[in-house]
Every structure is written in structure tokens, then in C-alpha cells.
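Consider the two complexes below, in which chain A is the common component and chain B and chain C are the respective partners.
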Partner chain A sequence: MNENLFTPFSAPTILNQPATIPIILFPTLLILTPKHPINNRLATIQQNLTRFTLKQMMMTHNAKGQTWSLMLTSLITFTATTNLLGLMPYSFTPTTQLSMNLAMAIPLWAGTVMVGLRFKTKNSLAHLLPQGTPTPLIPMLVAIETISLLIQPVALAVRLTANITAGHLLMHLIGNTVLALSTTNLSMALLASTLLVLLTILEIAVALIQAYVFTLLISLYLRNNT
Partner chain B sequence: MPQLDTSTWFTTIMTMLPTLYLIMQLKLLNTNHHQPPLTKTPTLQSHNVRWQPKWTKTCLPLSQPQQF
Partner chain C sequence: MKLYGTRGDISHFQCPMLQSFIKNVWIPMKPYYTKVYQEIWIGMGLMGFIVYKIRAADKRSKALKASAPAPGHH
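Up next is the complex of A and B:
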């Protein structure tokens, strides 16, 4: 039972060659880069979406933080398209792989911490102690804040992995339920299929929201450190 | 859990790094955000003639009397 449930999340192979390589590269093909001043509707929609998310995200940063805008825009575009493409049946979602999320989260988080430590050392170290703590509690609180700082990249990676994996698992399970019930008890099957429709809508929202949250948190860590 | 099978971790990470940091960023850089044409009103030519025509005769070359 365990083996069958989790097989959609194992890295796919075609004739023993890793198929993860074209699957991860595929979302880049969907970003259009036309050279004309006036484009067709799809390219204009994409362009407007990119401009809108860029403006929303980078409005709250100062000039130093805005040098990260290309990185954060590419991050949110990559994560959102990868999550949305994974909602298609029988597809493989790379963001369910803990390896990829760790490799995304750790360098970006480390980058924000190093930017803070290098340019505003006192301020970034001062974040380790909340204001107004009574003096005897200071050593313990510094330890606690350090641990909460060090756990940020792991939390980022595991949050994205677990949310997308759990959503896909739920859809698999409820889909199998509907299929199994369709022969015996049709009304329950219809009830479960409405549940499936609602769950799919939720998954679309979750796909977008997870991308947003990932990027937002990194930009938050950046703001604290610039 | 197949996500913890570390044999595929190298391939996945090595594919993701150029995709995210290279290809995606190049694609986003190459999207041109053209401004719609004719948004700025062109500055009108300012007729600011510094010299007065009564005390200099060199403003128009053809207005000088011909000298042989």
C-alpha cells in the first residue's frame, strides 16, 4: 500500500535515463520572449503578470534589496509554473523532491544572511535578541533565536515539499475512492467527485500560494538584512 | 518514501541550478517591456533668441548689404 501510494513521487526514468532533466527544463519553454513592441495576447498577458508580480514584490525593498529582483522573480515564476504543471494527471512535479527544494532554499537563505552580516553586521546580529527582554533571559533567548534562524532554510524546503506532496496524495486517494465507488454506490461516488473538484480548485490555489510564500519569505529575510 | 532516495538527488539538483539561475533569468531578462509610443510630448522649440536684431547685422547672412 505504501509502495503504491508513493510511486508518483519517485524520480521518473525513460528507458533507464533520468527524465527529470527535461521535466525540470520544461517550464522555461513556456516563458515567451518576443522581440516586437506589440505582441499577441498570450505574450502580453505574461508580460503584464511579470510586471505586476515584480512591482508587488519589490515595492517594499530599498535600493540594495531591489538588486535581488531578478532572482526573486525567476524564483516565483519557476515555482508557480512547476506547481501548476504538476496538477495535470500522470505528471511529475519536481517540487515534490526534497532535494530540489533544499537546493533552492539553502543558498537563497544563506545569501540573505551573508548580505546582512556583511553590510549591516550590528543590525543583523541585533535581530537575534527581541526588544525589551529582561536581562537574566538574554543568553537563553539568543540561543533560541539562533536556532530559529538556522531552521529557516529547512522549514522553507520542507514546507514546499510537504504541501505539494500532501495535495497530490489526497487527489490520488480521493480519485481512487470515486473510481472504486462508481460501480457499487453511485450517489456516494458523485459526492466524492464533487469533493475531488473542490480539492482540485484548492490545489490550484495551493500551487500558486506555495510559490508565493516561498518567495515572500525569502524577500522577508532579505528585507531584514538590507 | 522515494523522495529520500539520494541516488537521484545529484541529477535533480544539477538540473535545477542552471534552470533556475541561468535559463529562467535569461528568459526574464529578454522580455522587452516596450513603452507605448508617443507617451511623451516633445519639447517645443524654444524661440530664445539672445540677440536683438537692431544692434547686430549678422543674424541673417542674406540680409547684409553686398560688399565688393
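Up next is the complex of A and C:
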């Protein structure tokens, strides 16, 4: 039995050694690296999915933005597979850790901001003041826009952490409810287990959507700066 | 790990794993790591700085708590 509700989210250990890094690297074993021009069915499905995601994401970027294709495709693949693997019982999801999500969000966001400052300095500084602002409001609005810029990586990280953690916690709670009710009130237990099934389907969707939203926002920040 | 070449006429440092890493990872990814991701490296430096600051503050506060134990809370 868990000591508290957040015990499943603690960093895992194998024989007292931290196992976080092997767990983070595990999804790479599941992703095939096809070497032939025509591959088997599984590799072709994976290639088609990757090509579809890449096209959807990078279609609206210019040439400079499209140099980030590899980074963004890796990001969405890693986040989606990590989130989906975390739905298995007794598994550890690295994306429930705020440290991990901040470590993904801060370099990418800072990279996009620096791309903008380096190649389009005037344009990226002009983003700090919306068009049509009345003159007396300019200092306050520049301060507000700067704060909203600086909060972007924190929002990215916290959004992913909170969504995945909340979903896992809810599944835990409802699972415990089903277990507790199964001995006393079978009909309520069946109702709760139906709820659990629906929640699991929702969590699968949330896992994919959150990965997509994370990558889409980084792509949006990049597009604003290139 | 085979460190030195086994042929008699050459004596150079060999490291098959490093050579394989350079051939399969570094050479294909070199334009990305050196040109495209320059700003991301700077972002990683910023993140490392933030991590260092947080860790140092945590260490400082733990040392402060250890050196001056608080009286019993009411």
C-alpha cells in the first residue's frame, strides 16, 4: 500500500541506484530505425506517422524555422511515447516531474527567443508592445508583455506536469475506490470501474494531446521569432 | 577495449566505440550541433545556471537549518 498519494511519482530506484536515466532512455528502444528504402509494415506505419506529423507541424514555417524540424519531431515523439508508456500500471512517467519538463521547456523557449533576437532583433522587440496601444499605457504594457514572455517556459512545463500528474492521480484514486467497493457494494464498484475505463481512454487522449500542445507552442514561439 | 592497433607497422590509439559514435552520430549531426542549435546550447547553459542557483540555495537553507535547530513548534 502506498504511504501517500504521491508515492508513485517519486524517482524510481533499482537496488538503491537511481533508475531515472534508463527509464527516460527506454522509449528510444521502441522506435525503429529503418535502414531500407522499403521497410516492413511496422516501420512503414511509423515512417508515415512521422512524415504526417512533420508535414503538419513544419508546413507553415519558413526555411530558418524548418531547420528545427528534427528537434520538434523528436520532442513530440519522445513526449508522446513517454506519456503513453506512463499509462501502464506500476510504471514511472518522467513527464510527471516538473524538473524534467522545465529542462525541456527552458532551453527550447530560450532558443526560440534568442533566434528572434539574433536574426530579427527589431521584430522580436516589437512584439513586446501590441499595435494600437495608447501612449500613456505603453510602459505598463511593455512590462506586462515582458512578464508574459518570461512566464512562457514555466507555463509550458507546469501545463504538462499538472495534466499528466492529475490524470494519473485520478486513475489511482478511482482504482482504489473500485477495489474498496468491490467487497461491499458491487454495483457501485461496477459504476466506478466504468468510470475508470472512460478515464483511461481520456488519459490516452490527454497523453497525446499534451505532447502535441507542448510541441505546437514551441513551434509557435519559433514561428513568431523567425 | 582495444587501445592500440595490432598491426606491427602502426601504433596509434584506437577506440572502436568512439569511432562508431563519431561515424554514426557526430558526423550526421554536426551541422545541427554546430550551427542550428547554437541558441539551444545557450538555453541549456541558462537552464544549468538556474539549476545551480536552486541547488545552492537549497544547500544553504539546509546548512542554516542544521546549524541553528529551531525550538519546538507550538
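Of note:
By definition in this document, the second predicted complex is superposed on the first by the 223 of 226 C-alpha atoms of A that agree within 3 Å, B and C clash if a C-alpha of one lies under 4 Å from a C-alpha of the other, contacts with A are read in each partner's own complex, and residues count from 1 in each chain.
Note that a residue touches a chain if its C-beta (ideal position, glycine included) is under 8 Å from a C-beta of that chain, and two chains touch if they have at least 3 such contacts.
This is a predicted model, so every value here is computed, not measured.
On the superposed chain A, the positions of chain B and chain C stay apart, so the two partners fit side by side.
Shared-chain residue A:Pro94: touches chain B; no touch with chain C. When both complexes are overlaid on chain A, the residue A:Thr20 reaches chain B alone and has no touch with chain C.
Legend: residue contacts after superposition of the two complexes on their common chain; A:Ala155 is shown touching neither chain B nor chain C. If you stand at the C-alpha centre of chain A, chain B and chain C are 70 degrees apart, rounded to the nearest 10.
In the superposed model, A:Trp109 lies in contact with chain C only, and not with chain B. By the document's definition of touching, of the two partners only chain B reaches A:Ile31; chain C does not.
After overlaying the two complexes on the shared chain, residue contacts for A:Leu137 are found with neither chain B nor chain C.
When both complexes are overlaid on chain A, the residue A:Leu75 reaches chain B alone and has no touch with chain C. Counting the residues of chain A that each partner touches, chain B and chain C differ, and the larger count belongs to B. Superposition on chain A places chain B within reach of chain C only down to 6 Å, the least C-alpha distance between them.
The residues of chain A shared by its contacts with chain B and with chain C are 70-71, 103. Per the touch definition, chain A reaches chain C in the complex via residues 67-68, 70-71, 102-103, 106-112, 114-115, 118. For chain B in complex with chain A, the touching residues are 1-6, 8-9, 11-13, 15-17, 19-21, 23-25, 27-34, 37. Interface residues of chain C facing chain A in the complex, by the touch rule stated above, are 32, 36-37, 39-40, 42-44, 46-47, 50. Per the touch definition, chain A reaches chain B in the complex via residues 6-7, 9-11, 18, 20-21, 24-25, 27-28, 31-35, 37-38, 46-47, 50-51, 70-71, 73-75, 77-78, 94, 96-100, 103-104, 161, 165.
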